[in-house]
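Chain lettering (A, B, C and D) follows the sequence in which the chains are written, and residue indices restart at 1 in each chain.
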Amino acid sequence: MLRRILIANRGEIAVRVIRACRELGIESVAVYSDADAQALHASLADHAVRIGPAAPSESYLLVEAILAAARATKADAIHPGYGFLSENAAFAHACEQAGIVFVGPPGDAIERMGSKIAAREIAHRAGVPVVPGSIPADQSDGAIAGAAHVLGFPVLLKPSAGGGGIGMKAVREEAALLPSIAQARREASAAFGNDTLYVERLVEQPRHVEIQVIADAHGQVLHLFERECSIQRRHQKIVEESPSVALTPALRARMGEAAVRVARAAGYRNAGTIEFLLDGAGDAARFYFLEMNTRLQVEHPVTEQVTGVDLVRAQIAVASGERLPWSQAEIAQRGHAIEVRVYAEDPSRNDLPQAGPLLLYREPVMPGIRVDAGVVEGGQISVHYDPMIAKLIASGDTRDAARRRALAALRSYPILGIRTNVPFLIALLEHPRFVSGELDTHFLDREGAALRSALATEPPAEVLAIADALLPGVEADLRVGQDAGRDADPWSALQNVRV
Amino acid sequence: MLRRILIANRGEIAVRVIRACRELGIESVAVYSDADAQALHASLADHAVRIGPAAPSESYLLVEAILAAARATKADAIHPGYGFLSENAAFAHACEQAGIVFVGPPGDAIERMGSKIAAREIAHRAGVPVVPGSIPADQSDGAIAGAAHVLGFPVLLKPSAGGGGIGMKAVREEAALLPSIAQARREASAAFGNDTLYVERLVEQPRHVEIQVIADAHGQVLHLFERECSIQRRHQKIVEESPSVALTPALRARMGEAAVRVARAAGYRNAGTIEFLLDGAGDAARFYFLEMNTRLQVEHPVTEQVTGVDLVRAQIAVASGERLPWSQAEIAQRGHAIEVRVYAEDPSRNDLPQAGPLLLYREPVMPGIRVDAGVVEGGQISVHYDPMIAKLIASGDTRDAARRRALAALRSYPILGIRTNVPFLIALLEHPRFVSGELDTHFLDREGAALRSALATEPPAEVLAIADALLPGVEADLRVGQDAGRDADPWSALQNVRV
Amino acid sequence: MSASNVRVTSLGGGRYRVNDGTRQWLAHGVAAGDARWVFFDGGVYLIDAAPPARRKARHSHDETALASPMPATVVMINVQPGQRVAQGDLLIMLEAMKMELPIKAPRDGRVNAVTCRRGELVQPGVPLLDFE
Amino acid sequence: MSASNVRVTSLGGGRYRVNDGTRQWLAHGVAAGDARWVFFDGGVYLIDAAPPARRKARHSHDETALASPMPATVVMINVQPGQRVAQGDLLIMLEAMKMELPIKAPRDGRVNAVTCRRGELVQPGVPLLDFE
């Protein structure tokens, strides 16, 4: 077993890994930028090392600073979390060379699966379907149009150097093809300095369904079933769940086996995720390999809740050289889990990220609710980093039980001082098509604007009455309460409390 | 489905039921005494009704006040929680007569199982073993001694009118028999005004293992496996877990079937618990029916965590006349859960209950941890009620994973302003015999004193340094921090914050 | 329903019990300077003392100014100096806090100059384009 | 280890980071009047300003006084006036906050009178027995 793990990350995932270390009796080392000197992760770990200024490029992305912190604290392993250096093959290699265990896949596997083209080829050779498509060697308009004709409309034009949605163009008819090629080239060139285009068949209303895998160093590769992540906004997931209502047992088994084949073919080790596009639902549905995320996912708690497997503990065990203690048959889904990502953003201003103080912040504590967060009341959401405040994961014996729990918990989750997407998440979880499970990756493109515009903006009378109570000088009298005398006021006992 | 449920209770169980109602879309009505006017349960419910002064006999035990509150708020059902009126057959009957659904068993079943002698007889007739014993019709010294000889030493003398441990005498040898009879009579008379004695075989190192059952109105009676509750102090459970390390699959099945037989024989409906004494462990162990608790137990979350069944929701469904949606084969245990009860008490003063303010109270929020509580920071532990502050339930894939999680959570559970048993619980969960699972109901009789005396009393240097920081006038400077400049101080952004 | 029918009880620690005559709610509130924040039934409300006119002005500024609303990185410049664009066309894609922030044309017009570079970290309020 | 080697940083809201030179801890502290409470590594400490002598006195009073330490109900009286008892004998069983509180003989002696009744709610400090 490892003795001391440095967590090369911040926020909720750093806190998650620190807690796992504590449960295992492993010492934890946090790293922090100047912006995070007072952050929870930097206080919770057994040791904490400053690695640089606020900008990620000068701190959390700085390989040498992190390796220096590991050497200075004699850490024998590094957990990269997600984001930052987690899918940086050079970082994984550097850890290996420094004699530090990288709690993640081998650097070679990161490299192989980090190239979309190579990953696609690995999946294809492993007998796993990929979305039909190609990068025409001849990048002339005619050749690209020809490739589109071979695939048949609708097609998707993508910058081959790209990521996210930048420069992607859906083409549904001949007339739009040449103008779209020109437009896609222009955007690809502007964004990535490279206008090479990739043409693939467009799946019109796909679901994003991914399979969690974990592999040990002894040849065991397991899958831990699926996560449905179709609720996305600008290519960012905001709701994830397991199981997916679109999967039948037979389809689930086929996708799980496909994911294991890809992981084996990639020479994979540790936790990873195989992302699929799902076209249709049920036994007749088709799935296509999209890409592999060679790290722990943000949404890993969904899998932990339904399988009962602690993925971070399993990651550490695998990195320590241990065998996975289960067979595939021993892993089962039970019940349903839904994760919602709570962001500091303003739904009424096009989801503009928000930075600012958490003047009041109280996590809901109730049965079936898990909150993974890296902040506390009085803390700050910094402008330098991702605006995710927390993940709220609701579990229940059915999808509807989990959904109702998530709603009750969101209504008991006051976050004040910055705008958040909590009201939006509530509206989303109550949307009839979310309730019925009719999801696809364009759900929010279609429904997002209506959901946002329906959010209450005018404060109701109850809110105005509380706001009146918050005027300076009013509170002292109010605290006595109207239902009870001064003796019953809990704060009368709390005179002169200092913290 | 019910429309509006009044919760005839307070504290954590009232909060638990209110939250379940909210998830189900059922309105909730809280009742509160004057001492609880500002309590969480009285604020969280949709409606709240004052029912009397602080003393339970004038509020939470007052049948008429509670029925009046139900009528005034047009509640169509009453959930009694545990304690207070939950096992009061007259109350259940009064609800039935008032046309209000009692979320619990029929009054007749409460009555039948409320008498230890009748319950024992029901179990015996259902073919479930009971601890051999009798109430000699002739209560002379000679007749009682004769009954003891028939059973064989060791025997236990119990006041037949009693409860708890008052007046109970273990007799292990002939010489002690007559003096013990005299002493037991004297104590029984003093405590209960009745010196009738009951003689039973003494099981020397029993485990307390109970089986959760639930029955609907359509003839379905299910068990939800066991809870091991051997860690008791003065007949009060403080740690409960499931599964029990003492049970094999065969023994577990036999005990589950026995519990279902007792519940059927009692004409039971809704959630209940069959308590057994377990003598030995494994397939050869013997179990004896002790009694039935005709209500939801404090420790029900342990069962919820390992079976995935929401017992409060199931209670409400059954009370609404619904069928239980599972067959016995669909109920399974997965992983392990351990509950510890957090009490306001002083381990260094013989566990003397404590009342006072929760100056600082922060529940641990981390994966695998559930906290069921009815208090918030700034609240009070009242002298009028049970000193239980909260239940902390840790879940993991193995017993040791759950135990380590519980420890990590207890170390992250600051409760300041009153003494609590948190340090004692930590020492208990680290005791080698708790770790190995060698439990019996006398565990704390043997080990409690040593555990208490080992608790740190002298503050270490770290604590003295923090205490220095808490001296008046010191804090303002300290807040700037030593690791970071004023800009990084999260509180510098929180000037003039009012709540 | 007017606010006068609503009873509010402070429970301490930012918790408020509010009763509107039909039922009660547990709500939360906090004030910092002029800004009063309230969390009520899943909704977040900011009641600030700034006059509505000023708030309106701030809002319309955000919608039309060709500047980043917050510190952000320029990830794509989609236009060239001299190019004519239609209302709603994507001009520049920014990224802040790992979120994409599109800067779109507020009306039909012409880009006179681009005053930022791809990869540049831009500050709020600083013009990214000269647009007319 | 002396307190002077220990560095304390207040993080606000009662949270303190404390570093003893070998590792750091996240601890909690709060003060109310003279009493300072600290939660550190699972331990709860009350540092109060009362001199040790007074604390000792209070403590020994609790152990020997034949009175309830808190409001409680008398559930059992195990002795009769005039009865001789040995140190440690159970004299009276109280119940408070649903917990049993045994009152035992502090030394060998004799019960002169019982000044409480079964079922009575007794207040702290009020004698339950006349004992010598």
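In this text, a residue touches a chain if its C-beta (ideal position, glycine included) is under 8 Å from a C-beta of that chain, and two chains touch if they have at least 3 such contacts.
Because the structure is a prediction, the values reported are computed rather than measured.
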| item | value |
| --- | --- |
| Selected interface, B-D versus A-D, where C-beta contact pairs are more numerous | B-D |
| Most widely separated chain from chain D, with each centre as the mean of CA atoms | C |
| Where chain A and chain D are represented by their mean Cα positions, the distance between them in whole Å | 50 |
| Chain centre separation in whole Å, for chain C relative to chain A (CA means) | 24 |
| Rounded Å distance between chain C and chain D, as computed from the means of their C-alpha atoms | 56 |
| For chain B, residues that touch 2 or more chains besides their own | 38, 357, 359-360, 378, 407, 470, 472, 475, 481, 483-484, 489-491, 494, 497-499 |
| Where chain C touches two or more other chains at once, by residue number | 9, 11-12, 14, 17, 29-32 |
| Residues of chain D touching chain B in the complex | 1-3, 5-12, 14, 16-18, 20, 25, 27-32, 36-47, 62, 69-71, 75-78, 93, 96-101, 118 |
| Complex interface listing, chain A residues touching chain C | 83, 164-167, 186-187, 190-191, 234, 236, 344-345, 349, 351-353, 355, 357, 359-360, 362, 383-387, 407, 410-411, 414-417, 419-420, 422-423, 426, 455-456, 459-472, 475, 478-479, 481-484, 489-491, 494 |
| Touching residues (chain side chain C, partner chain B) in the complex | 9, 11-15, 17, 23-24, 26, 29-33 |
| Complex contact set, residues of chain B against chain A | 16, 19, 22-25, 34-35, 37-38, 50, 301, 304, 308-310, 313, 332, 334-335, 356-357, 359-360, 363, 365-368, 370-373, 378-380, 396-397, 401, 404-405, 407-408, 470, 472, 475, 481, 483-484, 488-491, 493-494, 497-499 |
| Chain B - residues contacting chain C, complex | 27, 38, 43-48, 376-378, 494-499 |
